[in-house]
Amino acid sequence: MRKIETLAMILAGGQGSRLGKLTKEIAKPAVPFGGKYRIIDFALSNCVNSGIKNVGVVTQYQPRELNKHVGNGEAWGLNVHNGGATILQPYASVDGEKWFKGTANAIYQNSSFIDQHNPDYVLVLSGDHIYKMDYQKMLDFHKLKKAALTVGVIPVPIEEAPRFGIMNTDQTDRIIEFEEKPEKPKSNLASMGVYIFDWALLKKYLDEDQSKRRELEDFGKDVIPAYLGNGENIFAYAFTDYWKDVGTIESLWEANMEFLDPTHALNIRNSDWRIYSQNPSASPQFLTETSNVTDAMIVDGCYIAGDITHSILSHHVKVGKGSIVENSIVMSGVTIGENVTIKYAIIGDNAKIHDGAYLVGKEKEIMVVGYNEEIGGLTDDEK
Amino acid sequence: MRKIETLAMILAGGQGSRLGKLTKEIAKPAVPFGGKYRIIDFALSNCVNSGIKNVGVVTQYQPRELNKHVGNGEAWGLNVHNGGATILQPYASVDGEKWFKGTANAIYQNSSFIDQHNPDYVLVLSGDHIYKMDYQKMLDFHKLKKAALTVGVIPVPIEEAPRFGIMNTDQTDRIIEFEEKPEKPKSNLASMGVYIFDWALLKKYLDEDQSKRRELEDFGKDVIPAYLGNGENIFAYAFTDYWKDVGTIESLWEANMEFLDPTHALNIRNSDWRIYSQNPSASPQFLTETSNVTDAMIVDGCYIAGDITHSILSHHVKVGKGSIVENSIVMSGVTIGENVTIKYAIIGDNAKIHDGAYLVGKEKEIMVVGYNEEIGGLTDDEK
Amino acid sequence: MMKNKISAILNLKEDDSKLLPLTEKRSISSLPFGCRYRLIDFPFTSLHSAAIDSAAFFIAGNGRSLHDHIRSGASWGLDSSIGGGLFPHTETAIREAVEMSKADQINSFYHDQIHYVIRSKSEYVVMMGTKMLCNIDINALLRYHQEKKADVTVVYKNMVQSSCNASEDETYLLFEGQATDRITNLVSFDKLEADKDKAPVNMDIAIMTSKKFVELATQAGKSKLRSETMLLFKDHLDEITVIGYEYTGYLKNINSIQSYFEANMDMLNEKNYNALLTRGNSIITKVKNGAPTFYSKDAKVKNAQFASDCLVEGEVENSLIFRKVTIAKDAKINHSIVMQGSQIGSGSSLEYVILDKGVKIGEGVHLKGTADNVKVIKKNTVVEPERGVKA
Amino acid sequence: MMKNKISAILNLKEDDSKLLPLTEKRSISSLPFGCRYRLIDFPFTSLHSAAIDSAAFFIAGNGRSLHDHIRSGASWGLDSSIGGGLFPHTETAIREAVEMSKADQINSFYHDQIHYVIRSKSEYVVMMGTKMLCNIDINALLRYHQEKKADVTVVYKNMVQSSCNASEDETYLLFEGQATDRITNLVSFDKLEADKDKAPVNMDIAIMTSKKFVELATQAGKSKLRSETMLLFKDHLDEITVIGYEYTGYLKNINSIQSYFEANMDMLNEKNYNALLTRGNSIITKVKNGAPTFYSKDAKVKNAQFASDCLVEGEVENSLIFRKVTIAKDAKINHSIVMQGSQIGSGSSLEYVILDKGVKIGEGVHLKGTADNVKVIKKNTVVEPERGVKA
């Protein structure tokens, strides 16, 4: 039987309900980011750049956009040499129809897929974080420590620690305690939702659980405590570069604005660690005689006759004369008429903002226009 | 908005429970057929050969094998020029988690996918029949008749009609009555599960139903009666070539044996209407000095040292010396040892039949060995 | 179901001598254009829009630069292994030179074309080049051809006669009469009637049935005609019905540095930009992964176009900037074309200049051409201040 | 992460004169072999097994037949647009002839190879051909090369000396001593020591770092050496460390009709069939859609191999039958190779015959060669009874 070293499983089933309109019809990992990316591009590109070419993408909530985006993984160079991306969805079997209950359960229900690849290690990732990480280094650490499980952790300001799952470690990085959102955190090492498991052992746990208690639904809540209880080797691998959870409108806006900064740690122009995505065909970006574009990221297919400042514009955005876009994120296909004012806003794909519209949010109260929404313009009666 | 004339939707979600072991872990349309095909290849190839390049494949039950098989439709030449095959699975949305309830419901739940393609006509197909049909001719008929719905029908022996959904027509082929499995059939025109709908009208019915009774779950039971009740134009299009429902082990065996006949109506060697499938890499078929192969279909990668009569052997089958295979279907990757006797049997993918095993069924009682099953050989104690 | 299947022959053996040094290591077909395209993208997009999945091309040299761009042809749907595909024919110049001398034998150029067309099992053949830059709807052309029951249909555009110049490589169509589109002759500009206000320029695009193609190509091959589309039927205009099909979109003959520069600058006119680049299906090119283009706080940009992955900190006006170009603070670019990967140092200025790929302009370098005499800097040149001053 | 990235150069300018008429319109690399392969499938599969997704090939003619088989290279994972791809170089014979005369310039063959290797950003280069038919594990070769810290590692197979024949195009390796694998010379068969029982035949496969390759190829290009893999370092064996790597699998030098016939017949030996076709990853070829092969009630088959889509009603023994062959009732085929699409009429017989593609053997035709002198029938020939009797 063919064997691979590491299979990555990206958990991309979450709704991300705190993103409101932006995740009403698409899963959170498919939400656009940074002008031409989607959130899941970071996890997928990290896999490829780390030399991991077999990736399962576990979906559940509104998966169509995500499926279309990921496809067979060609955009990330995954469709080669026995590699590939596979979309995994809930399905019906002779035992009935099953939805994935939690992170561990999603892995359990896809264990036949994992077994087909027969990996030594399973790298479990969350599909909704913005970061550049070499998983190979974490894997080296995992092997060095002879760990049963290695958990990627990131130091957070201690005052924010109560919002995270916190790992308490000894001086050898061994995890001795896990606390979910502790009121009085003993450490500032937050779980990144990045796990490396020895597959044989994890499978044993999940299989046995299935025939007994059926309690191992979630990695943080159930599996880590079970491992700790049985004295398995669990280690924390500290990641210290940029990492951002974009779970809310404000954090999504903030992460985009950080991304815009040319001196930012994420350094999108660094060709040693590319972030790949689908690249639609588009004409060159056209900045007309009347445009005024500064401190902005613009993507192909844009036609700009207005003023853009400190903003990100995605593919095929049109901005009419006299319009102002400031501190905002404009997703692809948006049409902005003339004399429109947009500040502190996120405008969803294919929205139409008619002449003279005034959309002004605040830094802590970002205004959101949903996908395909239409703002302003004549009402049907006036037409 | 881009427009296409016809979108095909293949309903491939059924379990096909009467196929027993053969559909325990894979959906019926993915069941192997005729040595190198799977049942769904016929519907997919018919689409391509009829010039229909946009196909949705609706799955639900054990879809993984089917997904892997269909992929992006490349094997059928579907991955070109704004064409393509798309796998459609149940998914969770803000309204909750939904499984497809019936044929019409499966179409309803995928109506956003259909609307993306903006088709004039939706061709609904069942993914589990063996036949070669030019859907374009049926579409011409549909247009000529200015039909709201055209139902593909096949004449069956009147004594078998009570097993089918029967269409009663007037002399202009207009359907005036539909009877599901009538005890006393008035006609012998059985529904093939092939429908052409005007999409705008069908969508109107399904949308309105959604906001009202929510009763339109099945095309035969619910939608046709509703159309008839409202006096919509429904016509029957008679298909008179070979068509076979392979819903039971015996009918599956029988259809394979018919397929084996070189003078058979399906005529697999006819290059004007090719049946496409995935083609794995395999070495040439090797018939050794001790082999004796007559009245048999053999696929690449087979190594045969025994006697094969009136049988179909799929990819990578090995048959040892002194073994006899008669009136049987052997699926891919099967290893048959020496001095084995197999008659009237279906042997599932990758099964292992050890030396000296004796597997003899009867014409009306076909013996089935499941996928990966192991028959005969030393028990663990004897090893 | 295979109704109207069309195969395509791209004749890319186009004379590029007046485009030097841009064509030193590339053919006209692989000339960069409009911030992110190569000229081959235009006919390939037309093929794709017409659902044509099979094409053969013929190129004089080794086609290396073109191949690097096209690769498997997947971007344009030309990588199908069922009935389609892309069939490159390179080094035709050398082979033709050798074969033209052999008598009584169809030379390999025509032989290869005939072989390709027969194997494609197509009903029609369309023939195009890349020099006549346009965005044509082949399905509309085919419908016209069928309606007119023509043997061959040739595409032309009516240019305003007063603005036309005699150009050796342009030919014009003569029609049978005022109200008919049957072509009676192909002539040079000076043979046109001087009193007409329009000059129907031949765009070197033709469509015909595969059967007619094989017939004409066999004749041409035996008579040792040079392998040009129009030579197939130029001498048979009285025997067969050759019809003109009028194209009304953007057209430019890319046959010199000057016309190449003008065509690029034309894109800064919104009407041309829309007509050529976004009409119908937008032009398909090989997509590259790259970051969005960043315009800094100091950037000053007016009437300019950019591809992605640029870093713009200086001033850009009336110019086209390709991928991965960096423009430092206080650099000024005007009326110029800057190709992929070039770096413009701070305090430098460019006016009426074309920089080929990977040029480095040092700090404070000033380069200036004129509207009639554009300065071209060769690929990968490093221009240091002293040299710039000299220039 | 890009550790040990390997690029590949396939030298397909192999001498095919003794394989005529089979090589009249194809190179050795596109010779059909073993019912369903072309010889290029063997090196391509080795590349694929080693996860090599980039290759350049060099072929003397237009490579048409090879291109028809390879197309986008997708079957072997050579169609990647991220860092990989397939780079064809055709008509090298004509170009080389012209360029060999120009002094002081690296000729285009080496220039193209160097250019390819640099652009591939690979750490290693492997060089292979198709004439030496084998199934080699490139990763194992690389590991050996790295362990030995060699500059170049060359693959050889120890043949039994008594069964070796002097062959102009085979060379043998001389080692520094009994227990070392450092190569000191490449010689013809007659230069080997007669008392040894093994003859280490050079398989024309070499691996080295890209850096070393560029260095050697630049030297060779300047000295106007003919472009053969071994010529890169043959004259430098005392300056650099060239190591031999022993291959123990199936090997055959396909340099004549006789050896081509033997290699095919070798596949009927189960040991060879397994060694060449099913060892490790099975050989990848372009898959074609086709029905299963049907053996009728009257078929009599012993010790024979078939591709799919055949219809067998006659007798076949000790033979290899390619795709889409029909064998009518009472036809007898023995010790023969029948290529794709051939039709064998009833009552005919073939013995020691090779039928190229699309041959039609009429009813009652008898063709007979011998084990030492196999009869070859050209592509698309129609053999009628009278002619068969004459033969």
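Note that the chains take the letters A, B, C and D in the order they are written out, and that residue 1 is the start of every chain.
Basically, a residue touches a chain if its C-beta (ideal position, glycine included) is under 8 Å from a C-beta of that chain, and two chains touch if they have at least 3 such contacts.
Everything numeric in this text was worked out from a predicted model, so none of it was measured.
Asks: Centre-to-centre on C-alpha atoms, which chain is most distant from chain D?
Replies: Using the mean of the C-alpha atoms as each chain's centre, the farthest one from chain D is A.
Asks: Does A-C or A-D have more contacting C-beta pairs?
Replies: When A-D is set beside A-C, the one with more contacts is A-C.
Asks: Could you work out how far the Cα centre of chain A sits from that of chain B, in whole Å?
Replies: That gives a centre separation of 38 Å.
Asks: Please compute the C-alpha centroid of chain B, do the same for chain C, then give the distance between them in whole Å.
Replies: Taking the average C-alpha coordinate of chain B and of chain C, the gap between them is 48 Å.
Asks: Find every residue in chain D that makes contact with two or more other chains and list them.
Replies: 82
Asks: Give the residues of chain B that touch two or more other chains, as numbers and ranges in rising order.
Replies: 276
Asks: What residues on chain D touch chain C, complex-wise?
Replies: 62, 64, 67, 71-74, 79, 81-82, 85-91, 94-95, 98, 108, 112, 286
Asks: Along chain B, where are the residues that touch chain D in the complex?
Replies: So the residues of chain B in touch with chain D come to 34-36, 75, 260, 262, 268-269, 274, 276-277, 279-289, 291, 293-301, 308, 312.
Asks: Provide the residue numbers of chain B that touch chain C in the complex, in ascending order.
Replies: Spelled out, the residues of chain B in touch with chain C are 49-51, 77, 80-81, 134, 136, 276.
Asks: Where on chain C is chain A touching in the complex?
Replies: For this pair, the touching residues of chain C are 34-36, 267, 270, 273, 277-278, 282-285, 287-289, 291-299, 301-309, 311, 320.
Asks: Can you name the residues of chain B that touch chain A in the complex?
Replies: Per the touch definition, chain B meets chain A at residues 13, 15, 24-25, 59-64, 67, 71-72, 87, 89-94, 97, 99, 112-113.
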